[in-house]
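Notes to accompany the following structure.
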Amino acid sequence: MEKLTYGMVGGSIDAFIGEVHRKALNFDTRVEFVCGCFSSDFAKTKEVQEAYNLDRVYANYAEMAKTEGSRDDGIDFVVVVTPNVTHYEICKEFLEQGINVMCEKPLCFTIEQGLELEKLAMDNKLLFGVTYTYTGYTMTRVMKEMIAEGKIGKIAAVNAEYVQDWLIGELGEAQGEGSLSTWRKDPNVSGVSNCVGDIGTHIENFVHYVTGLKINRLLATTNSYGHELDLNANIIVEYDTGANGAYWCTQIAAGSLNGLAVRIYGELGSLEWKQHTPDYLTYTPKGEAPRNLSRGAGYIGEGAGRESRIPGGHPEGFFVGFANIYRDYISDLIAQKAGMEFNKLCSYPTVSDGVNGVKFVHAVIESAKDNSAWKTI
Amino acid sequence: MEKLTYGMVGGSIDAFIGEVHRKALNFDTRVEFVCGCFSSDFAKTKEVQEAYNLDRVYANYAEMAKTEGSRDDGIDFVVVVTPNVTHYEICKEFLEQGINVMCEKPLCFTIEQGLELEKLAMDNKLLFGVTYTYTGYTMTRVMKEMIAEGKIGKIAAVNAEYVQDWLIGELGEAQGEGSLSTWRKDPNVSGVSNCVGDIGTHIENFVHYVTGLKINRLLATTNSYGHELDLNANIIVEYDTGANGAYWCTQIAAGSLNGLAVRIYGELGSLEWKQHTPDYLTYTPKGEAPRNLSRGAGYIGEGAGRESRIPGGHPEGFFVGFANIYRDYISDLIAQKAGMEFNKLCSYPTVSDGVNGVKFVHAVIESAKDNSAWKTI
Amino acid sequence: MEKLTYGMVGGSIDAFIGEVHRKALNFDTRVEFVCGCFSSDFAKTKEVQEAYNLDRVYANYAEMAKTEGSRDDGIDFVVVVTPNVTHYEICKEFLEQGINVMCEKPLCFTIEQGLELEKLAMDNKLLFGVTYTYTGYTMTRVMKEMIAEGKIGKIAAVNAEYVQDWLIGELGEAQGEGSLSTWRKDPNVSGVSNCVGDIGTHIENFVHYVTGLKINRLLATTNSYGHELDLNANIIVEYDTGANGAYWCTQIAAGSLNGLAVRIYGELGSLEWKQHTPDYLTYTPKGEAPRNLSRGAGYIGEGAGRESRIPGGHPEGFFVGFANIYRDYISDLIAQKAGMEFNKLCSYPTVSDGVNGVKFVHAVIESAKDNSAWKTI
Amino acid sequence: MEKLTYGMVGGSIDAFIGEVHRKALNFDTRVEFVCGCFSSDFAKTKEVQEAYNLDRVYANYAEMAKTEGSRDDGIDFVVVVTPNVTHYEICKEFLEQGINVMCEKPLCFTIEQGLELEKLAMDNKLLFGVTYTYTGYTMTRVMKEMIAEGKIGKIAAVNAEYVQDWLIGELGEAQGEGSLSTWRKDPNVSGVSNCVGDIGTHIENFVHYVTGLKINRLLATTNSYGHELDLNANIIVEYDTGANGAYWCTQIAAGSLNGLAVRIYGELGSLEWKQHTPDYLTYTPKGEAPRNLSRGAGYIGEGAGRESRIPGGHPEGFFVGFANIYRDYISDLIAQKAGMEFNKLCSYPTVSDGVNGVKFVHAVIESAKDNSAWKTI
């Protein structure tokens, strides 16, 4: 079988997230990694070339986009894992060259940028995915499926949070010493928000992914603890169905690492998922005891459960989350290439989800600045 | 030693909460149960008299208050465990007769009533406690002490919830059938709120008890799902220190029973307590791993930990929570009787906490009705 | 209603377990505490008399047994909470005076003593209970009932443990400093075993209580870490049904307090209960997900679940465990007094269970001394 | 950099464990997958060739060993993931051709076979690893390091288990229907043991890996529930240090999937690790509260913690466990190729560990057959 080919922008050898994307793509034998532009330092780009035996590398992304877009055997898609502030321009460049894109979240910083990218992808019939990681876990998909099947009935309430502790050092008088987070506190580099943009947006995307609920309006408070950008936010949302929910994101909560926890309550039961134990899902049918469902178990059934790659009780982990998103994306690419309709199969987050994420972040920051008034999305 | 004596209003044999109070009071050998008026049905009152070998019983509370207030050996305090709607009038009657009061929460329905009761107690130098149960657990007190000692530093964020499922049957089209909760949906019997008044107020009291934080203002949404009163509420609060917090209370969340869970995050660490496992407290010092502290363990220390009644690893339970509140209250009563200053020792919730609870409930309901605008307390 | 009356031997004011018994008995309005002999120091006995307004106290237990046995209004039962080494002689004295007994575990030190006490009780038609505490928790009884109903089918395997850490200081070269545990290391005071006798016997009793399984034979290793008596033991048991199980008890395991944990595996499912969270029970039907059953929930049903005293989600705790044992014992005493057949209702552990406990301890110690050879019970 | 090359025997496209090995090897850019013999059905072998763009494939393993052994650019190592019964002959063939081996566990069926393979590897200075997976998790290695550093002092007691439920259907009268496990019940295919050989051996290896303890002797019971081979086993072990431990493995325990749980208790503290949550480690220093250590957290330190690939709070998962074993193995291979001393760096399980595993399984089965008599290893 002829393989799809991909290139990457960003992701030098030591870059955490670029390496995760490469390893996750390696889970899929339908693609081949052929080129990239991994750093503004070309020596670093060469390092990746050597490690991965790449056919070709580029000194800058614009050259890469242009060249790949014009080669007969140019890449089928590009993976963008550069600093957030550069996503917009890079994605735009590749879209304009007719190349499909998978971009790290957040998609970009302004709603206008997001809409422009979305339009470019639509107009050029290109597949544009955004790696909201947590949608890739098998049990996330089981959760989505169970809700769609009506297992918990009409949704009455949502409670979701993403709790980290790594910026606790920014609190108090000793703050500001660490170099680690400097760029996160600079709006020029981070956009209008730090915490909501970095992790709050995962809550928004995850809840929408599993429930299908759309946010009508929201109100919020943010806390910046003396910094320019937010480190903590409380958000109340009202969905199109009339139900409402509460979201909390923070980076200053001692003891939590990547504590994304989502609880959905319906008329017929509830579902709860936590990123720290992603292979499990707590399901409580109305009037019954909570059940701890495990990925890979026989009772999970034939639908989303089929996505499971290894037997239950052995944790699939973070890389598999990415690999599952790529599996779906690649299947769509193959359909696209075959002239079949695509963007219909999609169970991965797309540029439209990315745009929703940007809208969400802006609405939260605007509400917080406007005395917590309701903002529509 | 001469014993203090008490009587009770409400709490017939089958009444859950009255029985809990009696058993908890039995943990303390400094008091004797001598009289009461347990029901409007005098036969039921006689049942309690027989079970407890009571010296005297009354057909109505007014008679009881008057008689006990004028007897030389009249009761030292009365326990009020009647339906919420009657708390105000009963407490008032006993206070006017010069009798100390311990009342179930909520104290009453209107702020005016609360302030009147508070003034009556103050003017008459009477001890007036309110049984916000969860302040009675040993580890709640250890939590309070650790925060006071600065173990987690200045508080940056609070997240607290009280999650129940027993009214899930009120959702959807089949709602309204159950007789169980009828009174809860009637403002004449339940006051302005159902869920916030019943359990949301526990969050407010608990957070204040352990942190000392005062709420400056709050905003809220409530959901009544077609009923007159709320079954679910999301509340964002701003404390006097500038920090803010999120509270969530609900009665429709499948799988939760009495899920009071409180997390306090400070500059130097965090503390987390859950009512379902009240003998434990998770403490995370900044930069270290979460520690699961257990009541009764050697490392708990000499202060609040001393309140522990049995060795660690054996759960103390709900009754002990009440018994601890009563232990403190009775110590204060003894000080009062001895002419010593009282209301200084207080580590139990008082009428002032009860008033704060009423103010909180009203502010939440008002905000929710006023498009979630901020309301000061 | 005329009340039953009881006295107590042992249990001065500061004694942990005596106080637990008194408080637990106070949960039951059918009994009255009237007399006792609480210490060899009569001043301490007087302290308890004053605290509890007791009618009469005694300087020694023999006098108490004789007097109470001959009074027309003598006590209906005696509670024995003295040091273990004295259980045998005290229980014997009261039985000989025709008085029913509730004794703390362990019943006694030798099998001969145990059989003599059992015979005395049988011959005199007296009710003799032994407070194996953990059989008193509501969910223990639900577990027993579910097994009896066949919910997990024929039992295939058992795994149970009781893990403590309070004697870890006895390990290593610094050992022997603490005065706390001196008596536990002296066979004259503790009998043939320390750890197995103190906590291993709870495993044996608990598993038998919930499953009905009888141990045919067992083999064991014990570890004394340089002391005379055991601090750790591993035991493999073979039941009358052919299934086998593994028991582990230890007092040197850092991080565990009273970690009694029992897992029963059958052909149709499994049940797991942990003393640290006694209000819950994990039930896994074959081929389904584990369910976390809670005391007080609607699905618990009408049988053992009816024993629950407060709504689910509020922990009942250790005192209620004792109170439930006493509730059953007192019901039997009332039947006895009424001339009805008794010892048929029994759902509490009796002298016969106490004898089994002694046999179990001896078999374990003998096996360990005999190179872990199988020993029949 | 020139890459090492590898081939694989076994592991057709649908084979679970072969696919895991390939994906794990893909985590390491120092190796290239070049050839294999994946099935006795050559069409299936061709499928893998196509998926992975392999240079060459073989119809049988003997031809592969011979060819690769004689090519100048022959593979550096072979991965053996065939049915257990064939491990011995295949590994032997490759060793004889001078090719390094990584073999799935169990290494082989008889002690003689194991010793022969070990000698062959030693004599030919070949690197022979065995994929006892669970040694590959980062926190397993942190556990090993903490014990080596004396964090819990001299070890006093061990309790470890591997609990599965997937053969519960073999219990009872309806047993024997499933085709799934047929080969597991046949000694010709599975060797002397089913359950102990399959999962019990993981306990033995894991405990040895993290503690360095060697088993002097052991005794055991096994349960076969009417089948020829064991489905459940209880094992008591005595280590060279005098301490003892208890191991339990089972495949009939409803509700457990791959429940490997290991608790090590020392004079100064304890450590507990569970495979279902492999990124965490519970550490209790003597006299302190249990701490829940997380992979990736700052306090983990510079040693084994450095092996962590992604930030804490994102589960690394099963594939990373394998990838870590391969990372070490490949580093050793590179040292070997460079003429440096090898087998000194080894932190992965080797053929000698495989031999110990075979000895352990045989000792368990012999003890069980010999009335649970002690057997030395």
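Per-chain numbering from 1; labels A, B, C and D assigned in written order.
Here, a contact is a pair of C-beta atoms (placed from the backbone, for glycine too) under 8 Å apart; a residue touches a chain by one contact, two chains touch by 3 or more.
Everything numeric in this text was worked out from a predicted model, so none of it was measured.
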item: Pair joined by more contacting C-beta pairs (A-C or A-D); value: A-D
item: Most remote chain, CA-based centroid, reference being chain B; value: D
item: For chain A paired with chain C, centre-to-centre distance based on mean C-alpha positions, whole Å; value: 55
item: Whole-Å gap separating chain C and chain D, where each centre is the average of the chain's CA atoms; value: 43
item: Centroid spacing, where centroids are CA-atom means, of chain A and chain D in whole angstrom; value: 34
item: Contacts with two or more other chains, residues of chain C listed in rising order; value: 287, 289-290, 294, 297
item: Parts of chain B lying in touch with chain C, wherever the complex brings them together; value: 1, 3, 16, 19-20, 23, 26-27, 29, 32, 50-53, 164, 256-259, 275-279, 294, 296-297, 309-320
item: Partner chain C, residues of chain D touching it in the complex; value: 152-154, 156-157, 159, 161, 165, 168-169, 171-172, 219, 221, 223, 225, 232, 234, 236, 238, 243-246, 248, 250, 252-255, 263, 265-270, 272, 282, 284-287, 289-290, 371-372, 374
item: Residues on chain A engaged by chain C in the complex (per definition of touch); value: 283, 287-294, 297-299
